[in-house]
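Look for chain A in each of the two complexes below; its partner is chain B in the first and chain C in the second.
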Partner chain A sequence: MTGEPILRLDGLVRDYVLPRRSLLRPAPRFRALHGVSLEVRAGESFGIVGESGCGKSTLARAVLALETPSAGTVEFMGEDLFALSASRLRGMRRHMQMVFQDPYGSLDPRHKVGRIVAEPLDMLEAGLGRRERRRRVAESLGRVRLNGSDADKYPHEFSGGQRQRIAIARALITHPRLIVADEPVSALDVSVQAQVLNLMSDLRRDQGLTYLFISHDLSVVRHVTDRVAVMYLGRIVEQGETAQVFAQPRHPYTRALLDAVPRPDPARFRHRHRVQGEAAATPSEPEGTAPAGGCPFAPRCPEATDRCRAEDPALEPRAGGRLAACHFA
Partner chain B sequence: MASDGASDGASDGAKEGGLGEVAAKALGNRSFVIGGVLTGVLIVVALVSLVWTPYSVIDMDIAGKLRVPSAAHWFGTDQFGRDVFSMMMVGAQNSIAVSLVAVGVGAGFGVPLGALAAARGGWLDETVMRFNDFAFAFPAVLSAVMITALAGPGAVNSIIAIGIFNIPVFARLTRGGALAIWKREFVMAARVAGKNAVRITVEHILPNVASILIVQATIQFALAILAEAGLSYLGLGTQPPQPSWGKMLNEAQTLMFLAPQLAIFPGVAIVLTVLGLNLLGDGLRDVLDPRLRRLR
Partner chain C sequence: MALLEVEDLNVTIPTPRGTAHILSDVSFALERGECLGFAGESGCGKSITAMAVMGLLPTTAQATGRIRLDGRDLLAMDEAGLCAIRGRRVAMVFQEPMTALNPVKTIGFQVAEGPRLHLKLSKAEAGRRAVAMLRRVGLPPDRFSPDLYPYQLSGGQRQRVMIAAALACEPDILIADEPTTALDVTIQAQILDLISDVVQETGMALVMITHDLGVIAETAERMMVMYAGRIVESGPTAEVFRHMAHPYTRGLFAAIPGGPEEESRRLATIPGQVPEPIALPPGCAFAGRCARTEDDCRAAVPPAEPVGPGHRVRCLHPHVGAT
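Showing the complex of A and B:
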């Protein structure tokens, strides 16, 4: 099912310059991505999980070349996206599209559905005849189980789940190879979530799509991804086959995340790994990380030792084909 | 399904309604109806004056000067025996023409500047907006007096003067609205589709800020009519023999006790016009965009 790498991120760093606090000192920086490297293979569904503010969405924007990283490369279908000319980059956009979190915010309320769905087509495959354009819109709407006649309606005439399907139809219309889905179901009702996720799974199978699936919702990631990377403060702390990562988490942060999922079993409750506080990515620390030099997770880690506070663990292969960034994994 | 909009407070549920829905809401809005009728009467009077007035506004009739209102002269005659009603009609046309062009100049420069500032950000945004602050810091009418004093009186110069001081109003409003729209996800979707900033501005940003701009335009229109009347009153705006409400007020003030109606009619006309446009703007805002409460 999965093949050669289609997307390769290498040492991706993204700094944000924050407003100056003082005229004399340099403007503080916030490091949203802290050297992220990963490979997504053609045809697979690759998940990114982490709590809010860990850099997931920054990663998505960098992958789609909407935001230029401070360092590192994004290679898609063998091309370094940030080395391409503007017109070649636009040519590449045909092959990579995005589905957004908020189906109310991602569709322009002033445009009809047909125009919204055709948006990538008009830009990236310009010069189609009107009839062909209409056919492609209807075909794309059909793929997400909407009617071709829905093209003449406005987004407000649809429910949240239907709107998200319109957004998926827009992403599919140029027959892309990669879909970046940034929290595609977290704004939907639980009953609708399953419907949209099943649709996305079917589409992947039928169209041979590759997903980069970003979510904070572990149960969603577990169901729709083959491999997963866990992010914490702009770095990947653990990566591996989804089933294995969920069954045997190696990194204490992954364990804490999994234990935070509510489960109707009071016996388990007493053995939870609990983590206090929030990710310490406050702008007061110019690096955007916890103590300089040490493991970024150390301040919240129940198993932290002096070594963790002194030495930052690298993301290294562990048993079972897994990558983990922990001295004790 | 349409009820989704109601549960979604942050979105634009109400302004997404169809045209019929908007029209029905407009007719139920008292401000909109009253303002619309007042403005409508003004426009009709101005249009009629283009082709017909009861008397010529240039021909004098010294024998019949300072008549009180009668069946022959509805609003009486002035100190030269000209028909006040006819002068008022042509004055309406004059007010509308000057204000329309002035607001057009303001929007024509202000909207692109604001959209550019929002799209580019950074030093360009800062520069444009600081120039705006500079222009904004002068009281508009006072500055218009200054410009006409420098460039000489006349309708065209007063249009330019009023227009210039409408630019920052529109630039600021466009920039503010555009910045909010730029953060929306559908803009990012447009970027994923390969659209550049110009195209995004034309296809997504401007249509979504149009309603606040329309509302502001009606309010600026009212202010421009006041400014034109003020300039003409001071003798800096419309020049004789072209009638203008402001100039009529000026000429009436020396005859205040002799013929008070000469001041009352143009004064009331200005009040009703400005009131009508303000009500129309308020009503339009409620109809088009209920989330915007009082802007000013």
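Showing the complex of A and C:
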């Protein structure tokens, strides 16, 4: 089912320049991605989990070449996206599409569904005849189990789950290889969420799609991905087979994350060892001065030692084919 | 007498397309110190129930029935009477800590507002109480000055401020409407623990409204499941989880990823959609989506029948046995 790497990120760094606090000092920078490297194989569903501000959406935008990284490369289907000419890059965009979180905000309320779904064709496959466009729209809507006649309706006539299916139909219309789904079911109720997740699983099986599935929801990621990377403050702290990572997390942050999920089981022991504090992403000092060393999770980690505060652990292979960035994993 | 008694609460809102039935025959009682959970999906009426208790229904809404707080009917009360209760006897924590706080007032001012208004404390006394409350919710004054503004805090810290403000007048009932939905999972866990702890400390009653059955399992002793404006199942949380009797409750539970369907990689789904509140069917509102529907389901709304200790369900063909 899974094969050759289709997407390869190498040492991805993305800095944002923040507003100056003082005229006399250089503008502070915020490092959203701290050298992220990973490989996604064709046909696999790869999950990125983490909390707000961990860099997962920046990662998605970099993968889709919507955001130019400050350093590092993104290789998609063997091509370095940021070394391509604008027209070659546009050619590549046919093969990668995105599904967004908010099915209300991501569909233009003034356009009919047919036009919304056909929109990628205008940019990426211009010159298709009207009949062919209609055929492609109907085909795409059929794949997400909507009717061809729905093309003549407006988004407000659909429920949240149906809208998200329209968004998926729009992503499928160029026959992409890779779909980047950024929190695709977070805005949906649980019964509707299940319908959309099942649909996404079916599409992957039938169309051989590859997913980069980004979510803060651990149970959703556990359900739909083969492999997963856990991010914390712009770094991958743990990566491996989803089932193994969830069954035996090696990084204390992954453990804390899993432990924090409320389970629908009243018999479960209620007060667990909670991770305290919040992820403090302070803008780093201007370039040239090294940021304070140490593990980014150390301030919140129940197991942190002096070594953790002094030395930033590298993401290294651990037992069980796992990568983890912890001195004690 | 229970602290709060809601009896046959019906809320309708007239719309150009017909009357929308928002709440139908909602009845429940809340004892002093009890933690009661309301579960259900968007539009099931769980938030409107809270709004009705707070006297904050939209002006076009028409409510019938009784909402008694210590025997006094809130639905019959005038605005001045409600003002004396809101924030004093019944306080609320909302979902959106970003919008529920006033962005141009300091957090100290906002926490002190209730005590100044309701308890007639002086500015200095109310300020001291605000600091004490902020300290209690994990925002000690040495690191989180009461002179900070909401924009200087993270989402979790703002929700702590909301909780401090809600607790400041020592209310009898705290209503938490999706208090952690906008928060990250590690912060959610901290806030849920905080709410459980303060509820235990002060002995006030908690109404926890959430779409997340996991949150219910962790915070509520008794729970109600709502669907299309009705309470379809109610009972002690452990009992309801053990013997989910209503097909909707079971469907909701089975649709959660990570449940028993894990291995098959397919989630159980509930087919179809919730009926619109202007076009509720005459019988059970869930009949159109339910696998156990028979003809009698469509004829009349099923009564809430007991199926276990303290456990009632509005279903003519409920599941029996363990979940």
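Here, the second predicted complex is superposed on the first by the 311 of 329 C-alpha atoms of A that agree within 3 Å, B and C clash if a C-alpha of one lies under 4 Å from a C-alpha of the other, contacts with A are read in each partner's own complex, and residues count from 1 in each chain.
Here is the rule we use: contacts are C-beta pairs under 8 Å (C-beta built on N, C-alpha and C of every residue); 3 or more make two chains touch, one makes a residue touch a chain.
Keep in mind that what you see is a predicted model, and the values were worked out from it rather than measured.
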- On chain A, do chain B and chain C fit together or clash when superposed? fit
- Query: So, does A:119 touch the first partner chain B, the second partner chain C, both, or neither?
  - Reply: first
- Item | Contacts of A:261 with chain B and chain C, given as first, second, both or neither | second
- Message: Under the stated touch criterion, which partner chain does A:301 make contact with: chain B (first), chain C (second), both, or neither?
- Response: neither
- Query: Once the shared chain is lined up, is A:48 touching chain B (first), chain C (second), both, or neither of them?
  - Reply: neither
- Message: Looking at A:159 after the superposition, I want to know if it touches chain B, chain C, both of them or none. Which is it: first, second, both, neither?
- Response: both
- Task: Return first, second, both or neither, reflecting whether A:167 touches chain B, chain C, both chains, or no partner chain.
- Result: first
- Task: Between chain B and chain C, report the minimum C-alpha distance in the superposition, expressed in whole angstrom.
- Result: 8
- Query: Hey, what residues of chain A end up touching chain B and chain C alike?
  - Reply: 159-160
- Sort out for me which residues of chain A touch chain C in the complex. 51-52, 159-160, 189-195, 197-198, 201, 216-220, 222-224, 256-257, 259-268, 270-272, 274-276, 278
- Complex interface listing, chain C residues touching chain A: 41-42, 154-157, 184-190, 192-193, 196, 211-218, 237-238, 241, 251-253, 255-259, 262, 265-270, 273
- Message: List the residues on chain A that touch chain B in their complex, please.
- Response: 61, 64, 66, 90, 93, 96-98, 100-102, 104-110, 116, 119-120, 122-124, 154-160, 167, 170
- Message: Quick check: in the complex, which residue numbers of chain B touch chain A?
- Response: 1-2, 4-5, 8, 10-13, 15-18, 184-186, 188-195, 204, 207-208
